[in-house]
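You will see subunit A twice below: alongside subunit B first, and alongside subunit C after that.
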Partner chain A sequence: MLKFIIGRLIEMVPVLIGISILVFFFIHLIPGDPAAIIAGDFATPESIADIRSNLGLDEPLPVQYFRYMGRLLRGDMGRSIHTSNPIAQELLQRLPASIELAVSAMLIAILIGIPAGIVSAMRRSSILDTLTMTGALIGVSVPIYVLGLVAVWFFAVQLRILPPGSRIGPDIELQNITGFFVLDSILTRNWNALVDVLKHLVIPAVVLCTVPMAIIARITRSSLLEVFSQDYVRTARGKGLSETRVVIRHALKNGMLPVITIIGLQFGVILSGAVLTETIFSWPGIGRWVYEAIQKRDYPIVQGMTLFIGFVFVMSSLIVDAFYTWLDPRVRYD
Partner chain B sequence: MIKSVGPISTPVSLAPSETRRESSLVRDTWHALLKSPSGRVGVLLLVIFILLAVFAPILPLQDPLAQDIAGRLMPPSARHWFGTDELGRDILSRVIYGARISLTVGIVAVLISMVLGGIVGLIAGTKGGVFDRVLMRLMDIMMGFPSMLLAIAIVAVRGPGLFNTLLAIGVIRVPIYARLTRSTVLSVRQLEYVTAAQSIGVPSRRIMLRHILPNSISPIIVQGTMGIGTAIVEAAALGFLGLGAQPPEPEWGAMLSSGYIYILRAPWALFAPGAAIFLTVLAFNLLGDALRDAVDPRSRHN
Partner chain C sequence: MRPRIHIWAFLVPILVLAGLIACAGTPAQVTQPTQAPASTAAAVEPTQVTATSEPSSSTGENKGGGTFIFARAGDAITLDPSQTKENESETRVVQMFEGLVSVKPGTTELVPGLAKDWQVSEDGKTWTFHLREGVKFHDGTPFNADAVKFNFDRMRLSDNPYHIGEFNVWKNMMGGFPGVMSDVKVIDEYTVEFTLEQAMGPFLAYLAGPAFLLSSPTAIQADPENYFKNPVGTGPYKFVEWVQGDRVVMERFDDYWGEAPAFDRAIIRVIPDSTARFLELKAGTIHAMDDPNPDDIELAKSDSDLQVLLRDYWPVGTINVDHTIKPLDDVRVRWAIAHAIDREGLMPLYNGMAIPGNQAQTPASWAYNPDLAPIEYNPEKAKQLLADAGYPDGFEMDFWYMPVARPYYPKPAEIAQKMAADLAAVGIKVNLKTEDWGAYMNDRAGKFPMWMFGGWASVMDPSWLIYVYYGNKTAQEGNYDNAEVRDLMNKAQYSVDQEERAKLYQQAAKLTYDDMARIPVVFARAGAILANAKVKGFPTSVLRQERIATARFEE
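Moving on, here comes the complex of A and B:
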């Protein structure tokens, strides 16, 4: 197991280096001279040149790349052009918001998607199955921004029972301990804040969960149906086990493997889709930060965050693989 | 066996038999497609959207760009079925003209990724060795990258606009088609008729194009059909973020983002483009699902 993970980690290195090279040179193709942006509208050519050499921007690109990577390995992601705040520090401040949203969405998706898929597979071709699968089809077909806007209109504008965006009401006080507002309000027993935080979380999380939920339900169903046709399940049924027991003890264990892969992959998808969701719901996480940085041409942020999200993406596929191997010993011998 | 001997003696003789076989495959698929309810709904929806998009200029619609500030943000009425937007433009007309943009973007973007990915996959799968390893590693790197972020980065580099959106959406999907083509090619390459063609000295490029490609194409087409829906969603997402089509173009995503500002006063400005995106994507997903079942002989027997 450990050997497998180490092997995969080593395999990841060239991919990560590839991503970093790609991102670095890509970002430098973006039009606009960062030195000129920092210097402002009334800068002289001399002051721009000064800033450029201070930032090392007059060096050849490969030299800049190695400098950047060297700093990155020490945890220094550079500073924002506009606010000159250290990027690594701001990333840590904003990350909990994105993780809280992604984890909530995934939890809803798993808690509803898997049971829906199981029921669908057990009652194949029933009305329940048709309804679930139609729901899943609609789920994968509604873009999150369309669903998000409709949800905001319905719950925030029409019914006025939920807020249209942000993480917490402006008049609510909450002591920041972990940065995860749900956790913070429970830790400080601030039930008032908890209710408010949950209210803010509902629309974004439910909207964000639809695509993963639909995909999880579909994969659970088709994977279980495949397992149901296997001999050992027939044997279990032939022994006279109850259907529930057959499903839970025999079919589910093998049927869950593809589902786990999908869950892991969807996690990466949710994080990369954060740019969109966080923009719609004014969610102060990393996605909206990247979006704003792109619009302001704050390239150190774009560069750092693109690398970071790419890294998380690759890591999540590694974790899925490791989990997969642990569950299915056959994979190890390949 | 007879078939693979054919091409060396009289290359022309292969053509009629191949056309007949292909047309019957297409006809079988079409019949299987129309047999499933989801296939029928998908085809129907798409036909409607395509007809509306193609014939938009001759339909009795108002000019999608004509502004009428006095009649801005008007609710749906007999004159404006879907109401008017913040500049008094007719939303029905803008949604129908938007179908032209979205369908074109979806189809062209998928063609870009299919052709580029197909070439990469075909080369990797047929040549093998170093070619295969280097190309596939490159594809892994692209896959190891959140697609939406990559698209945003490409548009950020090349500047916002419809053409760059098309390019970005096309490029981010290349690895999917490259992998798919490669794996299909690898499995087809093992088959006897390819070995037979090789043994009688058919040049490898001819084997690649005449023997391997036609037999590898169906999974690629299924993936492509579903991919059009995804491409439309992503293109509209870029439009929504202000990175795609620029005003005053009647692009669905851009319409959504300008309508969002007026969500309190004129929610209909959101509903029409939102529903249009949803129904188009739904149609492509239905069609893709039905097509996958139709070309898969295993499920056709059921």
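Moving on, here comes the complex of A and C:
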């Protein structure tokens, strides 16, 4: 197992290098010049050229690339063109917000999606199944932007039971220890803050969870249905086991393999791609940060973050693969 | 053995979630009873939570109290005034800092700030400022001539130990380091004298700008590298906390020399999405917001809980032409274009946020020339002018439109199409083209024959816009070549008498109008703020630098 993990980690290197090359050259293909954006609407060509050379953007691309990778190997992700802040520092500052949101959303998606899928599979073609699967279809189809704004309008503006955005109320004091507000408020026994933080999490997490939840429910259902048709399930039923026991003890374990894969992938997706959710809910996470960086042609942030996101995906698929061995004893990585 | 573990693996998270839901559910009900009228609910709620959680470090005196929350689309880059170069940072620093000169809120008028008065020598090169006495920085450091000298030496001398960073605005306005300011002398504790290499018309206006607001020398000396996130000024609000990407929290400064602000706390939040900002305003979690959607302005007008605060006309939108390209070198052709555009017809695209323009300064500026006639929409006259110029059948030309929205061209593509149709009606067939904004900015110098452009002064001085336009002959400004206009611009640039300068600018406006040097299209509002109806005393600023100090709630 250890050998497998080390092997996978080594395989990661060429993947990440590939990503870095693609991103580096692609982002420079997009028209637009960060120097012109920084210089503003009244810039002279000279001042733009001046900024460009200060940023090292006037050098040939391959030179810029190797400079960048050289610094990266020394652990330096560079500085934002726009704010001049070190990127690693900003990443660490924003990452907890995104992780907290992604974990909450995933938790909801799993805890509702899997049972919904199971129930659908057990009561195939029933009204319950139809309702669940229609719900899942709506979940993947409704644009997050619309869903998010409607949810805010309903719960925050009309009912006023939940806050419309941000991670914490502006007047709540919370000592920042880990950057994970739920954890920080528990650690400092600041229950008022905990309540406030959880309230702020509800709408964004529910909105963000819709797509993964729908996908998880559908995959759980179809995967279980496939398992149900297998001999060992028929045997279990033949033994006279209750249907619940057949599903939970026998079918679920095999049926979960594709679901775990999807969960891993979806986690990567919502961790890195919660751009809309983070924007609508003024969530100071990495999705919104990268989106704004792309708009401002803040190359170092986009490069650094694409690599980081690549890393997240490779890691989540590694964890998924590792899970397989635990779930399915026949799978062995030697 | 294993299956049991698996069941637990599913059960445990379910229990956790149940707990989460329970936690998130009950408190909502606990806090619910505290709210009475719906519109004030959210404002009341957080304050109550603070009161029960941790003792707030703010003052015990009650001068009205409460928190004012203003939402903007973006976060500050720096809270060090000397390093500000864009509007988001400016909006934050003007709450906490003051300069020698101030802008009277709600106007474009310069008034005394930390200097109570000043004199300028006959040649305009020596400025003496008499400082207000008894002013303190938030950290207790006394404000005096030494503090002023410290700030200006830090900005202007690149070998000053605290000159860390770009000081971009100083560089642009003062022309480098030290640039035009050759000396700063402390005459006595409350008198300071600036020596300039040459007279500078906009000097006072520059001093009123965010980049020239004054910082506590003690705070800068204590940690120069991190001063940008630990700002200390003399303003009505002092810095508490900056959560990057989320909010800047400030609280009332009790030793403020002027009138104490009404609120205990002022918070500027970042809410990037304009619809989300509007919903937060509706929910009562913020009290004012910048940059609303045009549709939301209409909604707010008909909502008794909200009010619309319109900024004055300040940005100017024009069609620029390259004066070296035929037939645009002919003044009759330029006037033909001017007469061909139906400005009133464009107004529906602006949702009430613009009026037709006729020069490069709006009526809000003291350099505006009120004697110039509106440019008439007259296709017949345009055709006649084209015929006179030798183009009875018109001509064909590329017309570049902006890829980005600006207040003066909020829907550039639609506005361009409308103008193209107007031009076609008099025989000028234009091919609409666009490209990325960065490229556009470069290519207007030489590549474009005719293009949409505009701008606004980012300081309270007309030179900031029109000196750029007409002070020199440059390709990016269309190679307009009129020595008389240049002469007027330069005179105004070096005069320190505002009345004289106004006359010079108005003369220049007349000349550029007759030349139709660039074709004025609109005067646009500098934007709008939506606020809760109970907010009073929150005057708008054409520079988008609203100060919270005078704001209060009135039910």
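As a convention for this text, the second predicted complex is superposed on the first by the 293 of 334 C-alpha atoms of A that agree within 3 Å, B and C clash if a C-alpha of one lies under 4 Å from a C-alpha of the other, contacts with A are read in each partner's own complex, and residues count from 1 in each chain.
In the analysis below, contacts are C-beta pairs under 8 Å (C-beta built on N, C-alpha and C of every residue); 3 or more make two chains touch, one makes a residue touch a chain.
The structure presented is a predicted model; accordingly, all values stated were derived computationally and were not measured.
Under the stated touch criterion, which partner chain does A:V103 make contact with: subunit B (first), subunit C (second), both, or neither?
Neither: A:V103 stays clear of subunit B and subunit C.
In the overlaid three-chain picture, which partner chain does A:T279 touch, first (subunit B) or second (subunit C), both, or neither?
A:T279 contacts both subunit B and subunit C.
Applying the touch criterion given at the start, work out whether A:V146 contacts subunit B, subunit C, both or neither, answering first, second, both or neither.
A:V146: touches subunit B, not subunit C.
Classify the contacts of A:L57 with the two partner chains as first (subunit B alone), second (subunit C alone), both, or neither.
neither
Of the two partner chains, subunit B (first) and subunit C (second), which one does A:I48 touch, if any: first, second, both, or neither?
It touches subunit C, and subunit B stays clear.
Contact-wise, after the overlay, does A:L318 reach subunit B, subunit C, both or neither (first, second, both, neither)?
Neither partner.
Comparing subunit B against subunit C, which has contacts with more of the residues in subunit A?
Counting residues of subunit A touched by each partner, the higher count goes to C.
For A:I309, is the partner it touches subunit B (first), subunit C (second), both, or none of the two (neither)?
Touch status of A:I309: first partner only.
Does the superposition put A:L265 against subunit B (first), subunit C (second), both, or neither?
Neither: A:L265 stays clear of subunit B and subunit C.
Check whether A:F26 is in contact with subunit B, with subunit C, with both or with neither, and answer first, second, both or neither.
It touches subunit B, and subunit C stays clear.
Which subunit A residues come up in both lists, the one for subunit B and the one for subunit C?
Shared contact residues on subunit A: 31, 149, 152-153, 157, 279.
Flag every residue of subunit B that touches subunit A in the complex, lowest number first.
Of all residues in subunit B, those touching subunit A are 38, 137-138, 140-141, 144-149, 152-153, 156-157, 159, 229, 233, 236-237, 240-243, 253, 256, 260, 263-264, 267, 270-271, 274, 277-278, 281-282, 285-286, 289.
Mind pulling up the subunit A residues that touch subunit C in the complex?
Residues in contact with subunit C: 31-37, 39-45, 48, 82-83, 90, 93-94, 104, 107-108, 110-111, 114, 149, 152-153, 156-157, 160-167, 169-173, 190, 192-196, 198-199, 201-202, 248-249, 252-253, 279-282, 284, 288-289, 292, 297.
Sort out for me which residues of subunit A touch subunit B in the complex.
14-15, 18-19, 22-23, 26-27, 29-31, 137-138, 140-143, 145-146, 149-150, 152-153, 157, 268-269, 271-273, 275-276, 279, 290-291, 294-295, 302, 306, 309-310, 313-314, 317
Within the complex, which stretch of subunit C touches subunit A?
Contacts found on subunit C: 3, 6-7, 10, 13-14, 16-17, 20, 23-24, 27-28, 30, 32, 35, 38, 41-42, 45-47, 49-50, 52-54, 56, 67, 69, 74, 77-78, 85-86, 243-247, 249, 265, 267, 269-273, 275-276, 279-280, 282-285, 406, 435-439, 441-442, 445, 455, 468, 474, 476.
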